[in-house]
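Labels run A, B, C, D and E following the written order; every chain starts at residue 1.
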Amino acid sequence: RVGHFPNITHAQGLIAHNLSRQGKGWFEERLGPGTKIEWFVYSAGPSAMEAIFAQSIDLTYVGPGPALNAYTKSNGAEVRLIAGSANGGAALVVQPDQNLKTAADFRGKKIATPQLGNTQDISCRAWLMASGLKITQLGGDAQVLPTQNPDQLQLFQQKRVDAVWTVEPWVSRLERESGGKILVDEKDVATTVLVSSAKFLREQRELAKKFAEAHAALTDWMAKNPDEAQKLIRAELLAETRSDMAPDLIAQSWKRIAFTAEAPRASIESFMQNSLKSGFVKTAPDLSKLFEKP
Amino acid sequence: MRRFLLATLFFVVLIAIWHFLVKAGVYSPVLLPSPQSVGEYLVGAARDGTLFQATGVTVRRLLVGYFIGIMIGLPLGLFTSASKFVEDTIGVLALGLQTLPSVCWIPLALLWFGQTESAMLFVVVMGTVWSVVIATDTGVRNIPPIFARAAKTMGSTGLHKWTKVILPASLPFLVSGMKQGWAFAWRSLMAAEIYVTILTGFGLGHLLHYGRELNAMEQVIGVMLVIITIGLLTDKILFSPVERFLHNRWGTGLR
Amino acid sequence: MSLQEELQGLPPAKLAVESVSKWFRTSRQSVHALDNISLEIAEGEFVCLVGPSGCGKSTLLDIIAGLEVPDEGRVMADNEPVLNPGRHRLVMFQEAALFPWLDVIGNVMFGLKLKPGLRNKERLEVAKFFIQLVGLEKFSHAHVHELSGGMKQRVALARALAPNPRVLLMDEPFAALDALTREQLYSDIQRIWQKRRKTILFVTHNVREAVCLADRVILFSRNPGQIREQFEIPLPRPRDINSIELAEHAGEITRALKGYVTGEVAE
Amino acid sequence: MRRFLLATLFFVVLIAIWHFLVKAGVYSPVLLPSPQSVGEYLVGAARDGTLFQATGVTVRRLLVGYFIGIMIGLPLGLFTSASKFVEDTIGVLALGLQTLPSVCWIPLALLWFGQTESAMLFVVVMGTVWSVVIATDTGVRNIPPIFARAAKTMGSTGLHKWTKVILPASLPFLVSGMKQGWAFAWRSLMAAEIYVTILTGFGLGHLLHYGRELNAMEQVIGVMLVIITIGLLTDKILFSPVERFLHNRWGTGLR
Amino acid sequence: MSLQEELQGLPPAKLAVESVSKWFRTSRQSVHALDNISLEIAEGEFVCLVGPSGCGKSTLLDIIAGLEVPDEGRVMADNEPVLNPGRHRLVMFQEAALFPWLDVIGNVMFGLKLKPGLRNKERLEVAKFFIQLVGLEKFSHAHVHELSGGMKQRVALARALAPNPRVLLMDEPFAALDALTREQLYSDIQRIWQKRRKTILFVTHNVREAVCLADRVILFSRNPGQIREQFEIPLPRPRDINSIELAEHAGEITRALKGYVTGEVAE
């Protein structure tokens, strides 16, 4: 039982789900006969993590933020990060006519992030603070406005925000549809990881191991066959959301995302540091149990 | 006939205003799509079956959830109005719980039902049932006491009194409560469909959500129109006849 | 059970009101509605209550029915204390109190359906009989709000008579009816009462009506509601409301009534 | 007193069941936190002021939005019940719009008001107003016609008729509608606070949402308890006195 | 304007009902409530309507008031067609129709407040006067549901009389009252009527009451509602309801009434 979101950053999940749908399941073939994969689609991290807690799924693709939260909340008891999935794809997009060059230029400006305390939000705050701006949760020298992705686009178009720090496909959409310029491109920051419930890992380590291997193989295959991968993604997105995504948008987003099965240890740790700095976490949790290679 | 024409005219004017707002370019066409593009979306989605399928899934869930909500809420409401103890416990709970947004029920639903159709129904039922309880309770409390007195002296007690006197006497209130309950059911289901994604069925809530996620405003507005239409149809099919019957029987609504 | 048998029915009941008092207390004032009322009504007796407006007649009926609890005293029916309302002591209220969700025949059937030992066909037959008695056969399926004031009262009358209760408590049942319909119903009620021998307590403002119907007429006075005097009416039945003896009795009672009121004013 | 004790007992038993459910370890403690941890969260949040501040912000928005919703919905409902034309246009719109989930209003709110307090109010008002319109309309239609007739023959027309007769005569219905409207206002505000993040105030909806985002179920349940409590208090402060007044005046609710 | 002047007030109006017919059609049946009624009521005339239950008396009052639209014919008040209800033609309904959200004095004040040209103190004074007239000064602030049947009717009477309308349409205003209260009110109403000279149309089932009050008594018959006969009552005022001339007139009308009904049956 595996979960993922209908997002381009969850490419492995999308592709594998689509293959299962076609009856030529990627994981099914590699996990040995008799293994059935049930796919679940989530629209947000907390739901996916709740499903892990409720033990209605065993594994899921999810952002590092919710994964880390869930780990902290359960005192390291219930979730394990078993592999990376995608890095990059997040960027700071600014209004073209605002002439914003450095963090210091953002004094008095409004920056939208997808969600209070999520990866981009924290990166944004850390980035601003790094250049001496004072940022608090509800204000400071620059206003960091947690705003839902679709609304960001709208507000950006109306020029009601000066910049947006967000992920694909929104970065590409901001570029294409509102002429946004990319100021900061987070190339090696993790955006998606593969998480497993600790119980599943304990009880079926063999299976988990095979799954992680298959996941890595899939990631390699994607790097070699980008066109086919994008076609599968588009088909799956259409099936799951009944809404079509333009192929060139997928292609443009694709360029900015690096798919990797490597567990993004460094990125998670620096995320942790940033969280500490921007005051979202009071004490750093012990991350030692989080990473576990099956 | 004249009424119908006037009403149609009104809606045509509304659409025309919308059209010219878009034409005037006050708002970006991405944010406010034109009536045509919404129409195109609707035609397209209707052609490939998405719309009917999603509507079918949603309406089925809605009816089942609403029906369960009423089956639970109505008797509970009768109990709260009948017994001080139930009033002080369930009644107080209902008052508090009816203001809870549906999102609160989702973790519990997942916990108890897992990722199933039942979880979704649970959210809808929780969104509906308390308002039905309260409407029923209020309805019963507002019955002119002479009806209950007349019934009692003819020997009506217990179940007979509740089903043959109290319920029909509070019907005007109940129907108004049921209408509100229906709106609650809708809104809860939309929340449930957005938060509990399950594979057993793809409903209008999902369509709305993903339309929004992809900033496909013509999809969002198209789905909104479908929801509005269903709301209107339900009123005409489910509630209007009952209301007409009531007004006819009670002699009210004449002005 | 045939319609004929049904019209005979159960034996009547004996009522005893034992020093009943009742106050209505609100935040503004306290009304002493009944003051130490004691009253015995024999099985099958027909008693009329007469008294000024607001003297507590309806309240007394409610208490006897078990719809209100007296503050002092109690009511016994067949030597059992009355604690709850029940179908053996049926009230016909001052307002018609018809159920708007039922049509005329539905309202008349309501009490009948609660009566065990009858088949549904018989119930329908009985209901039709009483609807015909009050002259509303054409309006069997009319809604309550389509009836005129007098027609509502006649439906309420039919509804009260149909289940043949052992005690019938009627609160001004003919107030909204014209003289002719009334006279018709006087003889019908007397006929039914003689056949069925039920105990009837009947409130009216029409002294002649009281004399025409009752074995005994009870005079109430106001502030607080008290029994002032009782008159036995020894006239043979059936009585004609226009007869001279009846008028004499009525005159006597009217004089007594006036005496109390003027006396009250003088007090 | 006995009533109060019984009711308290009931809630104590509820909490005890919850406690033992958690103790038994049937469900993950992350999803179903213990009463203690919820209590600790509440105490902590109360200490550092978060809770009071958020409650204040939310309640202020709620009252303002609800009040505006009623100020718009009540007259609109009167209009729909008074004029066939308004009934066929605004009335029909209201029937359709009341089933729309609040999320549908967010893009429009942002479009027209940007990320401001007004946008949030707009969502709350849109969530409340249609249900108030419909409740008012139903209330007016269920007035026993004799009241209107009596008033007319005494020369009451126009505004006087509406304010001195129709409104008071439909009060029992209106109050029940207002109660439902209040629940709608709450739920809409929660949705608005989840979707529209603005910096002018951090409300209970945000607290709830971030609790869920951070998998902090004790925060979610804590906020739920606060919402329930506010719901109860409002009922006792806002609605109960009106209902008591009504029952007192109309002589209903006695059983 | 003082209370005294107010009691005199506006000139009365002339009414003309011109061949009015009315049907009530429902899905089940069609009731022919009024059939070609023509009727003239002079300024300041006191007319009583008598007729069997369901013959269309209340319907006629509604039409004259402007509350119902006739299917045929029309009603003229002072040579103007009646299109809408208005405060110059006030109806006292068969049901008390009191407003439950107002207390007794609030109900009586309701019509007064709609009358221009009075100061609020005067209104209050008038309201109190009429509440006293019907003997309810102790219940000024009582809620409607706390009143007895007769008390409700008296409040409705006070509410109808207080604004001193030019035309008063009263539907069985004394039906729920005892004989003594009635007699008191007969003389009060006559006194007020003589002082104020208003046009009154009064429905009653009590023929003596009609003779006691009216200049003219109109007999209705049923199915469809038609005017059968009219009787001028030339007795001098004030009249005593117990006088012999009055009883003779009443007897005549009663006989006529019975004749029609038996005739009706024979037809």
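Here, contacts are C-beta pairs under 8 Å (C-beta built on N, C-alpha and C of every residue); 3 or more make two chains touch, one makes a residue touch a chain.
Remember, predicted model here, so these are calculated numbers, not experimental data.
K.L.:
Strictly by the touch rule at the top, which chains does chain A share as contacts with chain B?
P.N.:
Under the touch definition, chain A and chain B have D as mutual neighbours.
K.L.:
Specify the chain most distant from chain C by Cα centroid.
P.N.:
For chain C, the chain whose C-alpha mean is farthest off is A.
K.L.:
Roughly how many whole angstrom separate the Cα centroids of chain B and chain E?
P.N.:
49
K.L.:
Using Cα averages as centroids, what's the distance between chain A and chain C in whole Å?
P.N.:
About 82 Å separates the centre of chain A from that of chain C.
K.L.:
How big is the gap, in whole Å, between where the Cα atoms of chain A centre and where those of chain D centre?
P.N.:
Here the centre of chain D sits 36 Å away from the centre of chain A.
K.L.:
Considering chain A alone, which of its residues make contact with at least two other chains?
P.N.:
Residues 50, 53-54, 150, 154, 158 of chain A each touch two or more of the other chains.
K.L.:
Find every residue in chain B that makes contact with two or more other chains and list them.
P.N.:
31, 107, 110-111, 194, 209, 212, 250-251
K.L.:
Which positions in chain E touch two or more other chains at once?
P.N.:
95, 143, 146
K.L.:
By the document's touch rule, what are all the touching chain pairs in this structure?
P.N.:
A-B, A-D, B-C, B-D, C-E, D-E
K.L.:
Which of the residues in chain E come into contact with chain D in the complex?
P.N.:
Within the complex, chain E touches chain D at residues 62, 65-67, 84-91, 93, 95, 97, 99-102, 110-111, 114-115, 143-146, 159, 163.
K.L.:
Could you pull out which chain B residues touch chain A in their complex?
P.N.:
That would be residues 28, 30-31, 45, 50, 54, 106-107, 110-111, 114-115, 194-199, 202, 206-207, 209-216, 219 of chain B.
K.L.:
Please output the residues of chain C touching chain E within their complex, sorted ascending.
P.N.:
24, 26, 28-29, 31, 50-54, 58, 94-95, 138, 141-143, 146-151, 154, 171-172, 175-182, 205-207, 254, 257-258, 261
K.L.:
Could you please specify the touching residues of chain A with respect to chain B in the complex?
P.N.:
The touching residues are 6, 39-44, 47, 50-51, 53-54, 56-57, 149-150, 153-154, 157-158, 173, 177, 240-243, 245.
K.L.:
What residues of chain B sit close enough to touch chain C in their complex?
P.N.:
Going through chain B, the ones touching chain C are 146-147, 149-156, 160, 164-165, 168-169, 171, 248-251.
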